[in-house]
Amino acid sequence: MAKNKRKSIKEAVQLINDGDMITFSGFTIWRRPMAIVYEMVRQRKKNLHLIEVNSGTHGEILIGAGCVKVLETCWIGHELYGKVGANAARKLKSGELIVEDYSHVHMIMRFAAGAMGVPYLPTRASLGTDILNPEYDALGKHGLRDGSNPRIPRRKFEFLTDPFFGEQGDIIHVPAARPNVCIAHVQQVGEEGTVRVYGQRYSDAEAIKAADKVIVVAEEIVPEEVIRQDPTANLIPHYLVDAIVEQPWGAHPTGCFGYYEVDGKFIRDFYSKTKTQEGFDAWAEEWILKVNSFDEYLYKIGFRRLDLLRANSSYKYSTRVKRGA
Amino acid sequence: MRNNHSPAQPGEYKLIELLAVAGAREIQDGEVVFAGTGLPMLAVTLAQKTSAPRASIIYEAGSMDGRPAHLPSSVGDARCEYRASVSSGLLDVFGQLQRGVVDLAFLGGAEIDKYGNVNTTVIGGDYYNPAVRLTGSGGNPDINSLAKRTVFIMVQEKRRFKEQVDYVTSPGWRVKKWPGGEWVTRQEAFGSVFRGGPVAVITSMAVFRFDEETGEMYLDTVHPGVTVEDVKNNVGFDLDVSRCRGETSPPTYHELHLLRNVIDPEGLFLGS
Amino acid sequence: MAKNKRKSIKEAVQLINDGDMITFSGFTIWRRPMAIVYEMVRQRKKNLHLIEVNSGTHGEILIGAGCVKVLETCWIGHELYGKVGANAARKLKSGELIVEDYSHVHMIMRFAAGAMGVPYLPTRASLGTDILNPEYDALGKHGLRDGSNPRIPRRKFEFLTDPFFGEQGDIIHVPAARPNVCIAHVQQVGEEGTVRVYGQRYSDAEAIKAADKVIVVAEEIVPEEVIRQDPTANLIPHYLVDAIVEQPWGAHPTGCFGYYEVDGKFIRDFYSKTKTQEGFDAWAEEWILKVNSFDEYLYKIGFRRLDLLRANSSYKYSTRVKRGA
Amino acid sequence: MRNNHSPAQPGEYKLIELLAVAGAREIQDGEVVFAGTGLPMLAVTLAQKTSAPRASIIYEAGSMDGRPAHLPSSVGDARCEYRASVSSGLLDVFGQLQRGVVDLAFLGGAEIDKYGNVNTTVIGGDYYNPAVRLTGSGGNPDINSLAKRTVFIMVQEKRRFKEQVDYVTSPGWRVKKWPGGEWVTRQEAFGSVFRGGPVAVITSMAVFRFDEETGEMYLDTVHPGVTVEDVKNNVGFDLDVSRCRGETSPPTYHELHLLRNVIDPEGLFLGS
C-alpha cells in the first residue's frame, strides 16, 4: 500500500546532510548500523553532531574519519574489546571534537522527551556529579547555545523543585534530543516500513521517534502482511520510517540478537589501531576506503569467520565463537 | 578429602576470584541488584548460585532477572536476557531504578576519593584538555545515586585513591550541589530521593567501608597476604585503619569450582 | 525460586485497605479486574480514592456500591453499551463523590511520572480547556490539597514555559499518580509473578509500576520457565508483583484479548439498572451480594453465554456473539 | 443498470451513512488519522476502502494502522489491532500525537460553540452540581489539540449549538488561557505547538467550517432535503450562511454497498 521506501546503502546515505544531528539504534557494541557508517565515511560526511544515549565502535569510526564535530553522549568505548574511545579522546584533546557529557539516565530521558514531543523531561539521576557543573558545559563554552541552531538547547540543564508533593532536593530538567536523522539496524522490517526488533530494544524506539528522518537497515525485509500477524511484537509503525535497506550482517562487527555475535577479535584489532591517527587512517583505508561496498567487506572478512559468529537458533547468540582471552 | 566449603589457601585462587567472592557476599537473598559489566557480573552470578538464589539482576541495556546459560560479555549481550523475567530497554530499567526498586548497585571506577566520589570521565589536566579521557559516566552515577546501596569494585593504586577526584562522575557521601557548587552531604543533595549510598569498596588489596557520620572511607578488611601498611601505602589520603576487622574471607573450594567451571569456563573475565 | 505469591480472590482483596488510592489494568470495558471488584463490594471497602487513566463498568460498580469517595480520571462510561457513568453522575450531584477531571494525555502522563519515580511530567495537551480552569479543581475545593495525604498533590497543575528551545506557549506539569494498589487482570502470569499481556497493553505497565502494591489476576497461572522462554513478550518483572490469583473469565463482563469478548448485553443491562440507586442496589444484590464467589457468578451467567463470548483463536475475539442492535 | 459510482437518491440512504461518507471525504490519501469510537471509525474505514487506501488510523488504546476484518465496537477492541503495524499502548500513541505525527483527528461531541469549542463534560447547572454529567473528556481535547486538523461529527440540535458551551472540554479557535482565564486565539494558547484546529463539523443537517480570520463557524453545505433555514433554526448562535456552497454530496451506491455489506454488516453503528 505504502510508497516504495526501499533504498540502496548509497542512496540511503545520500539522505544524510553535512552538519546533521544524527543518532543510532543499538547499545555500545550491539546492533549498530555499521554498513551505513562505513558508507558515510566513503561519502565523506562532515561536521556531524552525534547525539547518542551511548556510543561505541560506530562512533569511533565516524570520529576517527573526521566526520564529527560534536558528540553528546554518556559513554564511548568498546566494552570488553577496547576500554576507551581512543579516537574521541585524541580529537577532544586536539580540539577537533567537542564532547558533551550527560549521564545514561539523562540521555535516555532526553530521547524520551524528543520522542514525546516535549522540550524536556525531569529526572533526579546523578545529582552531585560534575556532569551538572556549569563550567563543564562544552556546547556553551564553544558558543553553540546561542539559539542559532534550533536543535541545540540554550542550556545544558535546568534545576527545579517539586511543587506537588513537597519533596526536597533538586529536580533536573534535561533538554529533548531532536536529531535530524536516526539510522537504525534491526532484524526485520516490513515492505511498508514496520519495524521489528528481537531481543533487547535498548533505546531504539526513543531514538527513532525523536528523529525527523528515519533510515532503517534490516537483516531481512519481510512481507508486510507477515510482520503484521503479530503487531504486539513490532516496535515502530511504518509511517514513521522514511527509507528501508536490506543488508544481511549489516551490523558487523557489532552483534545482532538472534543473527550473530559481536566480532570481538575484529573490534579489539580496530581498537588497537586507534591509538594513533595514523593507525586509524591505515585501518580505514584497508577496511572502508579500499572496499567499495559492504558486500565486498563481508567477502574480505570471509565466510569462515562470519559463520562462527552466526547465532544458535535457540540461544540467540553464537555458541561456537571463542570469546575468552 | 577436603571440605568443599572450607576456605582455599593463598596461591590456590586468583585475586579476581577473591574479588568476585567478596562482592557476592554483599548481596542479601531476594534483593534486586543493578550490575555493570565485568566483575559485578561474576559476583552477582556467584551469589545467585550460593547464598542469594532469589536475588534478581537488572542490566542497564534492558534485561531483568536473566538466568544466563553462558556468561555475558557486556550488559547489551544476548546472553543477559536468556530466561529473563522481562527483556525490554533502557527507559524501562532506568525508570524502575528511579522509582526505587533497586536494593544494591554493583559498579566499577577508575578513581575514588575518601568520600566515595568516583571518576570515570577525565584524569589530569583540564576537563576540556585532559591528560586521559575515559569512557564517560555510562549509567554509573545513575545507578549509584538511585539504588539503596552501592558496592564499587576497583583496582587499588595510590593514584586511584585520591584526596579528591579530578571529576566527580558518580556521587559519594560529600558532593557539590549544583548549579552553585557548595559542598553538601549526599543526603542534602538528594533530598527526598536520598536512599543510601556507597557501602563498600572492594579493591585488589582490601575492602573499605564508610563512616556513617562523616561519610569517610575506612579500612574494613585486608585480603589474605596484604598488610594494613601495604594498603596505607596505596591510598592517597589519610586512611582510618583503626576499625580493620582482619582478613577478607577467602573463596571456598566450592565457590572456586562455580566460578571456574560453571560461571566463567571461557575465561572471559577470569582469564585462562 | 520466589516466595509463594498465590492468593485466593478473598485473600487478595484483604490486601486492600479502606481509604486506599487504587488503580486498575485495562481500558474502558476491556480487561478490567472484575472478579476482584465484585469481592471488594462484598468486603464493603470504603472511602477508596480511584485514580485511573480512564474508568468504566468496574468503576461504576464500586461507585454505585458506595465504596468510592474520590474519582480522578478522564472518562467514565460503558462505550457502546452505556453512554455515561450513571452512578458517578448521580453521586457527584448528591455530593457523595468527588470527581477530578483530567484529560487522557494528562492521566497517562501522571501514571508515567509515577512509574518513573518523578513528581510530575510536562505535556502540551489540552491547553485552552476548562480542565485547566483553577476554579474546577475538585480536590482543592474540597480541601484535600493541604498535604495531609502524601499521595494527593498540592496543586492540580503547574504552568511553565520552555527555557531550552525558546518555544512559545505554555507547558503544563501534571502531578504523578502514586496509588497504594494496582489491581490488574491479564492473560498470563508466571508462578513467580512475571506478567504477560496479549494484545494492546493500554496503560497497564504505567499503572502497575506507579503503585506500591500490585495484585495480578490472570486467566492462567503458567510455569515461570515457560513464560521466560520469550522475555521480550513479558510486560512486568516478577519482583514488582505482590500477589497472583488465577481466575478464568475474571474480567467478565469486560473483554480479554485472545480469551473472550466484551459481554455487551450484560453491560447494557447493568447500565440500564444504574439510572437509579434502587436499580443499582437490586442489580448488586442479584449479581454480587447473593453470589458468594466468582465461580458462582459464572455459573449464574451460564456456559452457553460464556462459550459464545469465547475468542476465536486466530482473530483473538469472538466471531459468534451477536454484537449489533 | 445504474452506475455504482453515481449518487444515491434521498430515501435510499440513512442519515448516518451520509455522515460517514462526508467524513470519509475529509481524509487525504496517506494521512495519519487519529479516530474516536463510532462514526469516525465508519468514516475512516470507508476512506481506506475508497479514496485514501494509504491512510493510517491510530486508535487511542494503542493500535496503529490496523486493518480490521470486523468493525471494532470501541478503540480498546481486539478488532482494532487485527493486522496492525504496531499494537502497544496509550503512552506510545499519545506520545506520537504530541510529537506531531497526526494529520487529522476525527471526534464527536455533545455541545459545540461558534468557535468550535466542544463540551463532553457537564451540561447545565454548576460544574460541581451539573444538570447533566457526561463521560468527561477522554482523549478528545488531546487529539484535537495536537493534530493538524480536526473534524467533529455531531447531532444537530439548537441546544447543542451554543453561543458558548457550558464547559470547554476540547479547544476551538478562541479559548481561555489558563491559569489567568483571558480569552486568546488558539494560536496564542498553543504557541509553538499550534498545528491547526477544527476544520469541519459534520452534523445530522449540514457541514460547517471555520473562518480563517475570525475562527467563527459558517455553513458550508446542507444535507440533501435540508434547507438553510432549517439549519439556522437549529443553531443557537448567529450563523454565517453566506458562504453555503449548496448540498452535501450524497453517498454513491458503491459507498453504500461498502458501508452496509463490507464495513458494518452487523449493524453495529449503522443499525439494522
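In order of appearance the chains are A, B, C and D, and numbering begins at 1 in each one.
Operating definition for what follows: a residue touches a chain if its C-beta (ideal position, glycine included) is under 8 Å from a C-beta of that chain, and two chains touch if they have at least 3 such contacts.
By chain, UniProt protein names: A, C = Glutaconate CoA-transferase subunit A; B, D = Glutaconate CoA-transferase subunit B.
This is a predicted model, so every value here is computed, not measured.
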item: Distance in touch steps, counted as few as possible, from subunit B out to subunit D; value: 2
item: Mutual neighbours - chains that touch subunit A and subunit B alike; value: C
item: Distance between chain centroids, defined by C-alpha means - subunit A, subunit C (Å); value: 38
item: Separation of subunit C from subunit D, taking each centre as the mean of its C-alpha atoms, in whole Å; value: 28
item: Multi-chain contact residues (two or more partners), subunit D; value: 63, 81, 87-88, 97-98, 146, 193
item: Multi-partner residues of subunit C (each touching 2 or more other chains); value: 117-118, 123-124, 162, 165, 167, 199-201, 205, 232
item: Chain contact topology (line, ring, star, complete or other); value: other
item: Every chain pair meeting the contact rule; value: A-B, A-C, A-D, B-C, C-D
item: In the complex with subunit A, residue positions of subunit B that touch it; value: 37-38, 60-63, 69-70, 73-82, 87-91, 94, 97-98, 121, 127-130, 132-142, 145-146, 167-171, 175-179, 181, 184, 186, 189-194, 266-268, 271-272
item: Residues of subunit A touching subunit C in the complex; value: 117-124, 147, 150, 153-155, 158, 162-167, 171, 173, 175-176, 178, 198-201, 232-233
item: Of subunit C, residues touching subunit D in the complex; value: 26-30, 53-54, 73-77, 79-80, 83-85, 88-89, 92-93, 95, 99, 101-106, 108, 112, 123-136, 138, 141, 157, 159, 162, 165, 167-170, 199-206, 255, 257-258, 262, 264, 311, 315-317, 319, 322-325
item: In the complex, subunit D residues that touch subunit A; value: 30, 32, 53-54, 56, 63-67, 81, 83-88, 92, 95-101, 146, 193
item: Footprint of subunit D on subunit A - complex, ascending; value: 1-3, 115-118, 190, 192, 194, 205, 209, 225, 228-229, 231-232, 234-240
